[in-house]
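First the structure, which I've put down as structure tokens, then a few questions once you've had a look.
By letter and in written order, the chains are A, B, C and D; residue numbering begins at 1 in each of them.
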Amino acid sequence: MKIHRLIMGLGVAGMLASPSHAQDKSGDITIVLSSAVDVVEPCHMNSTGYIGQVLKANVVETLTRMDPATSEIKPNLATEWKQIDPQTWQIKLREGVKFQDGTDFNADAVVAALDRQFSPELQCRDTIRLFAKTTIEAKALDPHTVEIKTSAPMPLMPTTLSQIGMTAPGTSTTEATKSPVGTGPYTFTSWDPASNLVLTRFDGYWGDKPQVRQATYVWREEPALRASMVKVGEADLGLQIAPQDVDPQMDVGYLNADTSRIRIFMDKAPLDDVRIRKALNLAFDRSAFVGTIMSPDALPASQYMLPSVSGYDDSLKPWPYDPEQAKALVEEARADGVAVDTPIDLFGSQFMQANLDEMLQTLVQGWQEAGLNVQIRMVDKIQHSAMRRKPYPTDRGPTMVHELHDNTAGDAFFTMMVYYTSEGALSNISDPKLDAVLEEASVSTGDKRRSLFQQANRTIQQDVVPDIMLFHMVSYMRIGPRVSFKPDFTTGGQLELAAISLK
Amino acid sequence: MRGYIGSRMAHSAISMVGLVVLVFFLARLTGNPVDIYLPIEASAEARTAFSEAHGFDDPLIVQFWHFVRDLARLDFGMSLRQDRPVLDLVLAAFPTTLLLALCAMFIALVVAIVSGALAAQRPNGVLDRFVNVISLAGASLPNFWLAIVAVLVFAVGLRWLPTSGTGGFVHWILPVMVLSVRPCGLIAQVVRGSMISAMSSAYVKTARAKGVRRTTIIFVHALRNAMLPVITVAGDQATGMINGAVVVEVIFGLPGIGKLMIDSIQYRDFAMVQGGVIITAVAIFALNIAIDLSYALLDPRIRYS
Amino acid sequence: MTGNNRHLVEVRNLSVEFHTQDGTVQAVRNVSWHIDRGETLAILGESGSGKSVSSSALMGLIDIPPGRITSGEVLYRGEDLLKASYERQRELNGSKIAMIFQDTLAALNPVYPVGWQVAETFRAHGVGHKEADSRALELLERVELPNARARFNDYPHQFSGGQRQRIMIAMAIALDPDLLIADEPTTALDVSVQARILRLLKDLQRERGMGLLMITHDLGIVEGLADRVAVMNGGEIVETGPVGQVFNAPEHAYTRNLLNAVPGRQGFPASAPSDERRDTLIAVRELSKGYPSSSRSPVVMALDRVSFTLARGETLGVVGESGSGKSTLARTLLGLEKASNGTASYKDRDMLQPTSSDRTVLQRQIQMVFQDPTASLNPRMTVEEIISEPWAIHREILPKKDWKGRVGDLLEQVGLSREHAQRYPHQFSGGQRQRIAIARALALQPEVIICDEAVSSLDVSVQAQIIALLKSLKDEHGLSYIFIAHDLPVVRSFADRVLVMRKGQIVEQGRTEDLFTNPQHPYTRELLQSDPVLGGPVAA
Amino acid sequence: MSTIVTPGSRPNRSAVHRYLLLLWHDKFATAAVMFLLLVFFAALFGPALFESASNRINLLARNAPPLSFQHGWTFILGADSLGRSILLRLIVGAQNTMLLAASAVVCSLLVGSFLGFIAGYRNDWTSAVIMRVADVVMSFPSLLLALIVLYVLTPGIANVILVLAITRIPIYLRTTRAEVLEVRERTFVTAARIMGASPRRLIWRHIRPTVTPTLITIATLEFAFVMLSESSLSFLGLGIQPPAFTWGAMVAQGQSYLSTAWWVAFWPGVAITLTAMSLNLFANWLRIVGDPVQRWRLESRKKTS
């Protein structure tokens, strides 16, 4: 009986708690994300998708921004920048900008924000990723000019600055903030890590006034539920809709910057033989996946980056489907005494992409027909990470790992150095010639830089074959009838409320 | 009685110690969290710095000592992932699970008892066979399957109920319904068996000889006697739910303790896992004591022995 | 409806059949009887005679299925209750016709206070809660439940058997019924308690002018209480008439056999002139056993300085009411309970803390037969497995190939046939089960058998057969018995010597004849007085 | 109401024949046994006959609907998301499903009841230790335990069995102990003890046969539970690993297609439910047949009907 009353009480309380319907809610939207927002620290926002989706360009802005169409770096909170010498940059700031807490946005604020990124207590993921061992020293030259000195040359400073959030000077530098304050068009209004997060339009914003008044973020892990919520009107935008749930009337597909591949650890037989690596690439039909297991908009990939990235070589085509040749290569290797029958472990992790299981099973079937013995091992996120980065586990047989990579910064550097140099944290290549090319490319600029990276990409795909390149991945977003929005490859890390228009 | 509760609590305390040790060391066998918290390309230095900052490079036994020392002060530590006190997070998530479990158990019990008791009136009759088949089917349907079908039918198809999330009374209907199906099936089976034997007992004959009404005989005389095994099974089911109705919580986006713990182990948020296990264990031990007390409440023979 | 020419209740040509494991069984065939207000009718019969069936039909308590009424009428003041609606039957039950049952612990709902249960009779027939409670209390006081007001909210298990029967009676007489049915109301009770309960029933009947239908297997009760008797056997009434007439001049052979089976009815045998010195088998000295009852109250002595001896070939009767320590004595001697003090020896072997070789000897030489043969035989073992189990335990006694033959021999010795070996215990009657238990006890050819109420749960005629069996086995094998019983006539007819126990102490012991004819201790005298056979009619 | 059965009234038939007759008198049990036999043969021969066919991926037949013969008779139940015949996969998957569930149930039954016998028979400190350990396992959230163990070990079929077995041990342990505590006080046990039966004999010959029916009933209910738990593990990505699969994994895999291709998750769900129900019905029959006191219920039905 008491429980009954409790339920009734709950119902009543729920009705009272929900805001009155008299208020104008036409400018309010709800967005359903695929994972819980349990951290809102802006210094992780470029390394943790959902933080960026909520905060970036909404609450916290960056000094520069990248144009998704051209990968060009544009002014944002900075109006102009110049490189004084290889290790010094000077940045001119926009005037008349205020933080949401009322403090002025000026050179001191930028210095504070940059210093905060390097606070040892925060262990900012963005900093670890963007700067590695490089340190910086920033100082205010005048109220609207900042000088940044770096411990090593950083030719891509403008790109890097498009990934560093400018937090208000009052933000704690010793612990992760739970109510970030920035200069963006939306203030961080409320956050219940268990259920939702609300952003409200900031009236003192320096730029144009966006249409959306208030955005509520909720999260559901089950894709079918996200789809259903938009369908029945409980939400206006649903992210990460599963390909099988796609309804062309409501769902928009977009290249999400992720490229999938299977990395080959080339240290053990039979994977140390390039013929086997080629056979692995030739043994399945990439186009058969498109529109079945993969979305119809997915693109078979030839390189580990999107075509829009500077350094991508248009002349390279994905590996063709040629089972006969694959079989022949395997037989040839076998004839040469390569242990082609050794079982190869293929590691994958469910959290990486939808339908991964199915994709891998289909691949394995193709390889089996080519005469190779591959077995799938699904592992946990953390084991997957430990598998992928150096130092690599030593007690393993021939190994391959399925992985995803997104290069949203627009320059091949962010892919190539990590994955394809001998020093790269995630690389298993050790090719001095390739190293030299990439080293040179990384310090070059302009067309030279681009063509050197393109040259490296050709070498990798055709001669080294360190991976089985799969697809440029597609995500689907379900867009409700009240709003319109055009997602692009940045949407995985940034979801600009200002870009949403109401119908 | 008080002595009994005391000894039960002592037993629980011993089990709790075992549990604490187990969860601490088991959790740490699952790997170092650094691979999740830092970007994959992080340097070895960054990883070492992270481990040092959170004490993961101390010998296990030292870590355990710190954990026990803090626990003694009721300090469950900070969540690695959310950077908040574990106790706050667990206590925030717990009511959701508890409410979910209570409502589901209540509905399961009511439905199971009524249907089981009625089925028992004529063993192998039509109603009995029907209840038997339905309850068996209910007890063997996968939860997540049921949950998604329920959403598709009631929220998307018929649009009677919201799909998921928290909010008012209506948001609880689907998850509670889904959650109650299995216990309901199991309990109905037990009620049926237990009621059949109760209805053939001598005291029921006495009641009939006194001219007591049939409904009174079933629901007052027989049912209370038939309740002991029912309570055992219901307690077992409730334990499972308090331990986290994980699947239902995940699908319906309910911020409960089960989801919290599963997420935490996936993120190697050890303090959080420990806190969650300890708090739920306290609840489960309390539930077990409550079950024993309800035995005593239902049956005076237990009360006075 | 109150025509004076009609009987209060009349059963005419009732036939009922039951579906059981052996197909359909005619539980009663063409049974007819009647009863009037103020009259006491006893239906006398042994278990399975169908004596309870007609009263169950009268109250609508026959479950359908498995029971089915095939013919007949059950008339209450001329109204055929077999045709009455459920609701009409419910109205009559408790208010006009009431019933008290034998096993009060099972018949009272264990989870409700007794006051509540007594008051329920009122509530079920439309009396308000408050009034029901106060009238229930009056009733409990009327049936002389000690401390009724204070114990109103206590639960059935907190009362003794006699007190529970008083509560049952209170419940039954609540609404002044026309007819009170008492189904074996005193079977499980001690003799002294039994006497008081019967007296209470008689008083109440006189006071309220009810008809009293007494269903019993106990001839002593019938003789002491009833006006008329109907003797049932095999589902039929074989003889009916005024008690004096039937008992003094039984017409039917069955009735005669029944009367003959009652111990002492033919007079008791003069106990064997066993004065010659025989060697002592068991010697018990100052044996004590205390239970710490709870943390605060003092130790309860279940055995208090008990000393006695058992000689070879002797039957030692142990009598006393429930709780007197009889069973504890047996259990302590068998090592099932730890003694707190004293000694017990079997042929100079320590029985209380035997060495392992002594223990083997004791386990072979001393066997036990329990009260309830149903409980003491494993229902999942065949008779052969049960009887041969001692050999499976003590492997050296008999090679396995001989088991089958020996089981057959033993079965024949106890009056069963060899073919019974492959059956399960539930396929036998109570008496037959007890024979199986005895066969098992004999398997190891023991010297002593301890019988703990071994015949108490059996019908009179069966009881007589088992006693006869025990006697013949004793003569054949030179067995000695420790024969624990609460039934004095049985002990008198069987034992050579008797111990009387009370509250853990032996209050008196001596040769059977001496003790029964010339009791020394006041408690022994009281015990003998209460017995319906030895002490004479209750109502007297 | 004489209780003696006259010998020779029952014709002497072979034991098998007699049991078959007994089975035939319970129509529900007959149907159940027939279904279980079907599953048994599928488990025995399925992989040998259809292993490769069931793994043949055909993206053209992806999610082909049931009751269509377009792709051949094996696609009568439709195809899964990789265009594999659901019917063949059900047949082949029976082996892993049964192997996994049966092993887990048998392991936990054996270990749990063994410990339960010890705890029940020796009511001393060993009992206390066993019970406390059981409490620890009981209060440890089972899914969390499964996750941790499977993170530490790899999620192969043996480890999944291990996890499922460990978490269910307390059920058997507690039931066995409670039953043993009660049965050991029964008179026939005392009788055997007086004759000098060793503890092993008491447990094996007297207590065990009395407790077994209860354990079997629990085990059949647990069988369904284990299949469902395995399914939940697959749902959380930790079940059995492809290319191996079970019905539970099939449900888990198909659940993401529930809104577009319901049959992918539906048929394996039906298979689980039917197996669970059949086992339950069979266990009821077995319990009656195994009990000499109850067996007549089936025998007499033959006479009366």
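Going forward, contacts are C-beta pairs under 8 Å (C-beta built on N, C-alpha and C of every residue); 3 or more make two chains touch, one makes a residue touch a chain.
The structure presented is a predicted model; accordingly, all values stated were derived computationally and were not measured.
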Point out which chain occupies the most central position, where each centre is the mean of Cα atoms. B
When B-D is set beside A-D, which has more C-beta pairs in contact? B-D
Round to the nearest whole Å and give the separation of the Cα centres of chain B and chain D. 23
Just give me the whole-number Å value for how far the CA centre of chain A lies from that of chain D. 46
Rounded Å distance, chain A centre to chain C centre (Cα mean): 85
Rounded to the nearest Å, the gap separating the Cα centres of chain A and chain B is 38
So which bits of chain C are touching at least two other chains? none
Residues of chain D touching 2+ other chains? 151, 258-259
Find every residue in chain A that makes contact with two or more other chains and list them. 224, 228, 380, 382-383
Note which residues of chain D are touching chain B in the complex, please. 128, 131-133, 135-136, 138-145, 147-149, 151-152, 171, 221, 224, 227-228, 231-232, 235-236, 248, 251-252, 255, 258-259, 265, 269, 272-273, 276-277, 280
Of all residues in chain C, which touch chain D in the complex? 18-25, 27, 48, 50, 235, 334, 336, 359-360, 363-364, 367-368, 370, 372, 375-381, 389-390, 392-394, 419, 423-424, 426-429, 432, 437, 440, 444
Seen from chain C, its contact residues with chain B in the complex are 59-61, 63, 86, 90-95, 98-99, 101, 103, 106-113, 120-121, 124-125, 155, 157-158, 168, 171
Hey, which residues of chain B end up touching chain A in the complex? 30-33, 35-46, 49-50, 53, 81-84, 89, 92-93, 96, 99, 102-103, 106, 148, 151-152, 155-156, 159, 162-172, 250-253, 255, 263, 266, 268
Chain D partner contacts - residues on chain A that touch it in the complex: 223-224, 227-228, 242, 244-245, 288-289, 292-293, 350-351, 354-355, 357-358, 360-362, 364-365, 376-380, 382-383
